[in-house]
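I have a structure I would like to understand better, so I am pasting it below and will then ask my questions one at a time.
The first chain written gets the first letter, and so on, giving A, B, C and D; residue counts start at 1 in each chain.
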Amino acid sequence: MRIPKKLINDPSKVAKEQLEGLIAANHGRIQAIGDKGAVCVNPLPSPQVAIVTGGGSGHEPMFAGYLGPGLATAAACGDIFAAPPPGVILDAAQAADQGKGVLFVYGNYAGDNMNFDIAAELADDEDIETQTIRIWDDVASAPLSKIKERRGVAGDLFVLKIAGAAAAQGKSLGQVTEITAHARDCTRSVGVALSAGSIPQTGKYNFELPDDELEYGMGLHGEPGVSREKMASADTVVEQLLDRIIEDLPFVAGDKVCLLINNLGSSTVMELLIANRKVHSYLESKNIEVHDTLIGSYCTSQEMAGYSISLLKLDDTLTPLYDAPCHSFALRK
Amino acid sequence: MINTAQTQALMLYVAKQVVASEPLLTEADLVIGDGDHGIGMERGFLAVIEMLEKEQLASVDKVFIKVGSTMMASMGGASGAIFGSFFRAGGKALKGTSDFDAKSLPVLIEAGLQSVMDRGGASPGDKTMIDAADMALQMSKTTSNESLESALSKVAEAAKQGVEATKSMIATTGKAKTLGERSLGHPDPGAITTAIIFKSMADFVKQGVAV
Amino acid sequence: MRIPKKLINDPSKVAKEQLEGLIAANHGRIQAIGDKGAVCVNPLPSPQVAIVTGGGSGHEPMFAGYLGPGLATAAACGDIFAAPPPGVILDAAQAADQGKGVLFVYGNYAGDNMNFDIAAELADDEDIETQTIRIWDDVASAPLSKIKERRGVAGDLFVLKIAGAAAAQGKSLGQVTEITAHARDCTRSVGVALSAGSIPQTGKYNFELPDDELEYGMGLHGEPGVSREKMASADTVVEQLLDRIIEDLPFVAGDKVCLLINNLGSSTVMELLIANRKVHSYLESKNIEVHDTLIGSYCTSQEMAGYSISLLKLDDTLTPLYDAPCHSFALRK
Amino acid sequence: MINTAQTQALMLYVAKQVVASEPLLTEADLVIGDGDHGIGMERGFLAVIEMLEKEQLASVDKVFIKVGSTMMASMGGASGAIFGSFFRAGGKALKGTSDFDAKSLPVLIEAGLQSVMDRGGASPGDKTMIDAADMALQMSKTTSNESLESALSKVAEAAKQGVEATKSMIATTGKAKTLGERSLGHPDPGAITTAIIFKSMADFVKQGVAV
């Protein structure tokens, strides 16, 4: 059996070291707050609502790769696939807060929810006002009737983009929260995996997929998806993924969307582009206009092979916010 | 009945046992979760070991509170919040206690469990550590007049049955949730940890390191 | 033995389909010229020297991902790992030429050299003036004394960036050629591979590396490197790579450089960031200043695992050109 | 001696044989190159087949020129330029020829080979198709007074020896260059293709499809 093969140093320090590498790549535009995984833009922008995100590491460049003007203000990074502890989240919130309040924006997982909630209580003790938006864009993870049980995946990026743009416009915490919730409600994602990622500390793959099978709806930590099926053509797979997304919101003729084809880890850029070809022709056939296309490693699951597709439905509120400039390690507009 | 120093030694022993169980917990979380539960518990209890070896805590409640807050500060993940809350809340319920005995057990577990349920919104039957802790709680209530050794050995056994029970449950929370029926047959990792904690307590007391 | 697993359609059409996907992702900013692999920005910029690049496909987003204002004007894309035929290169040159001449900028491989040279002869027949800069940044592929035998790898990106910026400033073909040659001469790269990529049509890995070995100096098509060694820590590997690069130019104390850590395919973003951490501390220890850091999949070799490190030494000519804005699918500044 | 139509049929046969050899050529290029040589030759000769099945060429030189330009336009890679140049230049040297015979052979190969060397800068001994073509050339010069069948069978044999010879050469050009000594023992893919081309020519003529 194949064993995971990675260029790392101490497996128990990968989360810390990748964050140091990210900070170095930002050339002073972000800085560590303490040494437990909190990181904040530097300098802070002119006073505005702080967007604080975070979650487990191992999904690079999510989350800390999206800090910067027009995007998130600070991030709390946990160990690989583990939500950050409340103290780290509080560090991030305290560094980012400018007296205008803090919006926590993160993926909807039991661990993140609990740790961010505890952090919100700690922040309250420090007289920092917080609001929370949990992202649940993964349509494969629960039926629409239980949308609040769905996981947050690559669609996080769209929601962060809108939140960051709204905050940069100087809107109030209440307004930013409302707009961010709206962006979340307009976002849908689903993924397909061909092979597993692995956590460096375990040195084991999180699951095994036979050579001739793929799994629809696989989660970002290797949580099982909705079905295992025989390998199929890219066009067939893309169609199945889009069918799921489209009917869920639903996205309908005349809609305008932003598209993200996200590498879960080790798919080739070639495969992502071949998928994009089909996504565009599919959406065109449904008379859905693609406003912008992002393709690449935006929210990964270590070396998992496969990709997710996310759509953000635009409207008059969201379009100018999406188009607003932003500058971060992993997203520039 | 054990005193504060012995309780601190007990928790140090527990911490070491959980750390030693990392591979087993990792395996369990690889099957129905994301594979990090063992590493998270190891990280948390290594911090607990460091804390317990450095500090000398003033009372039984402080031992548990400090164990909980150390876990909460260092672990992250679902289990950091869950086990951190469990020990913190359980410790608070023992406020001012300087002797840990069979009577303390249901107090500790009940308050800890309540806090876990408040924090995470899960209940018995959801295939979590709650199922092991709840079985332990029920047993601890019926053994509160026995010796600590006897009570702990029965409570540990009950927690183990709780683990068994999770095998026939379908996960409705946490990373195993989306497995649905495929989670059947596999025990919950957090429940296993809970059983290891009580088993280690029982072993510590039984081995007469302190009774 | 493991077999390659990819989401594609017809294996013989991957090069064509990925290009269609890339064109769709550009939302009208680039267009196909004919249907054989030539692609050109749309509309053309105000009259300037055309930068025409290209090479085999399978390295996405290289080359066609770098078309746009401030970067390349057109690209000729061959089949997977195969230089484009002369006619396709001519298509690209004809579409891009605005009467100011065409600079061919591409990696130094026998196949590319011959096909571009034939294309230059064909262009001459059409009264299109051409100049050629071949990129040979891979220090592992030949000794310094035979630098013209070295391969072009991810450092192509730096050279294209400078060429595109110089052209955008309205410089003459002679000037752009000279500056581009200078950028090429200031660029050095070297890579390390952990596992092989595969060509979809063969369905086989291009080489096999034992679980516990890595290969220094591996080429972009799986050409063997300089040495196979036991797996080592990220820090050790990065140090070895940098030692090679640094002594070659050489880069010395006081130099200012741009850094590219390029994913050869399936390495995790985490590993790239961990490498970046070490690169920055290494360069700092040598008193070499890092002006900008690029990290990601810029020039891949299908699903090869591993990364390359490229350095561009800046000077008063190159710094403003590097810092000039550019807009393309895969690089924005 | 064969006429123009037969020469066209000969090249169609050659094209089909090379296409059928794709797996073997792929294997060879996987060992010391980048694995695409078989696919490239297949792509080029499939285009040649399409062209030859559609058009009816006017003279022997036109057959080879058109084969060469079709390959050059469709293949890409080193071999597109190399084999394209070979047939184009070889054909041009046969200008006006309407019979292809043993005398045509050295003319075709010599001009083709010169063009390859001019284009790519390699020489005999560099472990390329040149080594097979050069052996073929030498033989063709000594057999130019024999029958086409006899000449081709000796030329094909010589090309095969050229392939053998590449095994003991160290590559100094192309993708195998960086292998250095590690390229020893392995034949050059392009040389194999060259030998297949001459072998197919010989077989076609021998099988009496046309003599």
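Methods note: contacts are C-beta pairs under 8 Å (C-beta built on N, C-alpha and C of every residue); 3 or more make two chains touch, one makes a residue touch a chain.
Bear in mind that the values here come from a model prediction, so they are computed numbers and not experimental data.
Could you run down the chains that neighbour chain B and chain C together?
A
Let me spell it out: compute each chain's centre from its C-alpha atoms, then which one is farthest from chain B's centre?
D
Express in whole angstrom the distance between the two chain centres, defined as the mean CA positions of chain C and chain D.
32
Return the distance between the CA-based centres of chain A and chain D, expressed in whole Å.
Computed from C-alpha means, the inter-chain centre distance equals 54 Å.
Nearest whole angstrom, what separates the Cα centre of chain B from the Cα centre of chain D?
76
Give me the residues of chain C that touch two or more other chains.
In chain C, no residue touches at least two other chains, as defined above.
Return the residues of chain B touching two or more other chains; collapse runs of consecutive numbers into ranges.
Expected reply: no residues.
Take each protein chain as a node, join two nodes whenever their chains touch, and name the resulting shape: line, ring, star, complete or other.
Graph shape, chains as nodes and touching pairs as edges: a line.
Sort out which chains touch which and give me every pair.
A-B, A-C, C-D
Please output the residues of chain A touching chain C within their complex, sorted ascending.
Spelled out, the residues of chain A in touch with chain C are 2-3, 5-9, 14, 17-22, 24-25, 27, 57-58, 60-61, 65, 192, 194-195, 197, 211, 214, 231, 233-235, 237, 263, 265-280, 290, 292-293, 295-297, 300, 302-303, 305-307, 329, 332.
Given the complex with chain D, which residues does chain C contribute to the contact?
12, 56, 78-88, 109-111, 114-115, 117-118, 140-142, 149, 151, 199, 201-202, 204, 206-207, 217, 219, 221-225
Please output the residues of chain B touching chain A within their complex, sorted ascending.
Checking each residue of chain B against chain A gives 26, 30, 33-36, 38-40, 43, 72-82, 85, 119-120, 173-179, 182.
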